[in-house]
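Written out below as structure tokens is the structure these notes cover.
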Amino acid sequence: MVKSDTSTDASNIYMIKEDDYVLLYIDEKRKHIFRVRAGYRFSGDKGFVDHEKLLGVAYGTKITLSSGVKAYVLNPTTEDMVFKLFKRPTQVIYPKDIGRIILKLDIGPGKRILEAGVGSGVSTAFLAKYVAPEGKIYGYEIREDFAEMAMRNISLLGLEKYVEIKIKDISEGVDEKDLDAALIDLPDPWRILDVLYNALRPGAPVVFFLPTMNQVIKLFDELSSSTKWIAVEIEEILERIYETKKNAIRPRVRMIGHTGYIVSTRKILNM
Amino acid sequence: MVKSDTSTDASNIYMIKEDDYVLLYIDEKRKHIFRVRAGYRFSGDKGFVDHEKLLGVAYGTKITLSSGVKAYVLNPTTEDMVFKLFKRPTQVIYPKDIGRIILKLDIGPGKRILEAGVGSGVSTAFLAKYVAPEGKIYGYEIREDFAEMAMRNISLLGLEKYVEIKIKDISEGVDEKDLDAALIDLPDPWRILDVLYNALRPGAPVVFFLPTMNQVIKLFDELSSSTKWIAVEIEEILERIYETKKNAIRPRVRMIGHTGYIVSTRKILNM
Amino acid sequence: MVKSDTSTDASNIYMIKEDDYVLLYIDEKRKHIFRVRAGYRFSGDKGFVDHEKLLGVAYGTKITLSSGVKAYVLNPTTEDMVFKLFKRPTQVIYPKDIGRIILKLDIGPGKRILEAGVGSGVSTAFLAKYVAPEGKIYGYEIREDFAEMAMRNISLLGLEKYVEIKIKDISEGVDEKDLDAALIDLPDPWRILDVLYNALRPGAPVVFFLPTMNQVIKLFDELSSSTKWIAVEIEEILERIYETKKNAIRPRVRMIGHTGYIVSTRKILNM
Amino acid sequence: MVKSDTSTDASNIYMIKEDDYVLLYIDEKRKHIFRVRAGYRFSGDKGFVDHEKLLGVAYGTKITLSSGVKAYVLNPTTEDMVFKLFKRPTQVIYPKDIGRIILKLDIGPGKRILEAGVGSGVSTAFLAKYVAPEGKIYGYEIREDFAEMAMRNISLLGLEKYVEIKIKDISEGVDEKDLDAALIDLPDPWRILDVLYNALRPGAPVVFFLPTMNQVIKLFDELSSSTKWIAVEIEEILERIYETKKNAIRPRVRMIGHTGYIVSTRKILNM
């Protein structure tokens, strides 16, 4: 995990050190994350600043770019890191969805979680953060390039020790047993229901993330006609972000109107 | 924390034991949580079952009520426990909001979090779960009855060691310093901005949860005209739950259309 | 059409006359519509008023109920009449949907419109209002009791001359030809696509109103694989109503989260 | 009004004639409206077609572009015309809002309507269509260029005889009396409440269309503390459009998340 995020050693938590990630906040549209390294320079359309000037400075401090423009150095949150720093070639789940899913899956310290369809590791990173400091995410990803990118991404957060990614088609089987929960982000999850069933402990919650109505209906029909699953729920999470202009607060005109449907269920013993 | 939730000792995790909480799932509208105790009996409109019959049974097992109706014994998630078991005299934040807020506040193991307006402890419980096993929630609640109810509620989850609730008007000051984040669920948060500022580490994220437009505008005006806060964001989370009827999947007609606006900001050094 | 609604004879438009419908507005939750008749009395939980006292009074006037409570006499809009006065045993389309559908169907004076699944006549009434003073709605309704209720309802608005309702299964054929548009509110509209096609003029727009995802997918698959229809569109209209409390404006907690999906298409010549 | 829209003369309604507007539907992203004139040619990225080939052809007919690509000639709806043909330099109200507003304002044949803030005439056109064949829209627009553009736009639909636009600041007074309803699309409507009041008949409904929360609160406070207005309501209309891809139906990712709040009220006599 990123040091500045979790350390409780008060003596050094506030000072920016070599190799720390910082979020340079210039204005609403200019938020830059980078690693501080002596000898480097941040440069943007509003001016530049040498990293050296940030070393030893407290988080939250106002600095001045070369142009005279003001900026603030903040410690990035996990959300900042993931959504600004991760390489993301795939469609991703948004924070609105991830937050909801973490509660649905009852993620918590020590849990062992299955993830199928790791993609760039966005949801993996959050799952890993919330099973720390003892749990583990077992990720199955069929594409080698995605699996590698995901591990590189997750390493940026220092969360790699909570994640094991396998380059493997999950339909061929899951190596682990008695897993506590699963997040399935695959286009055809009905194909792997038996494999999934065998990998989970009884009662384990599962979330499927599906973009289309057609998938939802097909999966629902499979789950609800099976004796292996119960408590099938379907929902969507919508996030309405507001424009924050003085005396003119209003919902943004352009909104992300859909990411995916969240379908959840729980494994029951089939006797 | 509830044992069945976090234990990784595989030998006993699947068997229901005396004093465990179970979720008895009869159907979509009948989900009952209770503590298993020899000599007790669960009784509902679909029949009864003696607790004794659940002891030593695996989670996920199908049982038969006195009436012949089938039911399943599941281990409750934190969400199940909080929303079915907590006494809640106050308006609460919903899972859709809590999940989003946990990411916004960058909650994680070891964090020290301020909460003002604890109410019945719903959000406190989730914050506590996600700062475990090392962090702490410092809750300020002006009403003694709420504070006590909140602690009783949180104790149901075994999370009490991560929570300290003070019966105190937060406007009189926060005892802690350098807190990592804050969740403020008060009707007039503009009154406590200075106190809040002094309690937080530089860069710390804050979330305010506010039901009305009028509050949002007033708070936004205060925050955006101050030199102490930056990155003010406003959003809402909407959850659309679907009816899960075979061949007739549709969004529920009755929907929770609003809980509150999520206003967030970060503390900056005011120099 | 209701006189008070459309008359342009300024000399008598503002005075309440015998047999006029009035909307008695007491407060947000007490809006009563009734017909003014000498000798009758309006009576509610906030007091009573004799109709006689309303005769000759101008619309918009403040009156005093027997209890001393104030009330206002307004002329009801078509929307007020339909949603407060119509007998409605069936699920209805809401104003949010009807307004959108009227534009989609290009309803206007003189148009001849097919409606299948008349129900209690709610949408029929609005269609009729907007084809007046020359057009006509041809309604097909299989249930005699609904058809009769619908005509009684529509007569309350004086719109009966723009409506002809047939107690007939539309799948057996439509008597009219070259209709300008159609509104289909049936559970299985894919069964009547050929009949529908034959009743419409080339290019005519059609709206199907469907509550479930399953219906939407089935209908879409039929329409998009046919050579008889083009420009298939699917949408939903959501209405978010706000609580209007001084200093506490907020979206209502309870919201109608779903009525139906609006699927539209246009007939093309199949050559 | 456009001939092809309202004529009930069956003998010529289906054939495209010189000077008719047609909607050439090539595919979901290529819908072109133009006026058919011998000697002209439609040309797009998918090929061209000479207008001559469309004359005498029935609406709904499939034609072939020069490239071999198929297309359909449809008669445009008013919505098609307004949103594809109108010059629109200003932010406009969307169909979702207009449909709802028409019902709120109880627009119907013969009504005399005030509109303040005409802009490019988008809502004016729909109001005009629904007061035809006897009513009138009185539009007040402070900018001469907008007023002229609006009249040119409205003339495209043949609706100009139902509209009178005045280049005048409405705060200086409304010339008409006893108007049936008003649509106010101004940034500071609280400034003109007295003028508005004087122009309306008692009981008349008014809709204000406002983009920001701040405006809504300010207007609501004015209206609710006045003795001249009653039944203040606030709502928003959201339109969720779906992607219509075979086997992959889903809400569009990019959505118009906000246009404006609809605030409505009714004039009461102030005695």
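Before moving on, here are some points about what is shown:
Think of it as A, B, C and D in the order they're written, each chain with its own count starting at 1.
Definition applied: a residue touches a chain if its C-beta (ideal position, glycine included) is under 8 Å from a C-beta of that chain, and two chains touch if they have at least 3 such contacts.
In this text, all values refer to a predicted model and were calculated from it rather than measured experimentally.
When the C-beta contacts at B-C and at A-B are tallied, the pair with the greater total is A-B. Of all the chains, the one whose CA centre sits at the greatest distance from that of chain C is A. Centroid to centroid, with C-alpha atoms defining each point, chain A and chain B lie 21 Å apart.
Inter-chain centre distance (chain B to chain C, centres taken as mean C-alpha positions): 43 Å. In chain A, 213-214, 216-217, 240, 249 are the positions where the chain touches two or more neighbouring chains simultaneously. Interface of chain D with chain B (complex): residues 213-214, 216-217.
Residues 211-214, 240, 247-259 of chain C touch chain B in their complex. Interface of chain C with chain D (complex): residues 1, 5-8, 10, 13-14, 25, 28, 31, 58-62, 72, 74-75, 77-79, 95-96, 98-106, 108-112, 126, 129-130, 132-135, 178, 201-203, 205, 216-217, 220-221, 224, 230-242, 244, 246, 249, 261, 266-269, 271.
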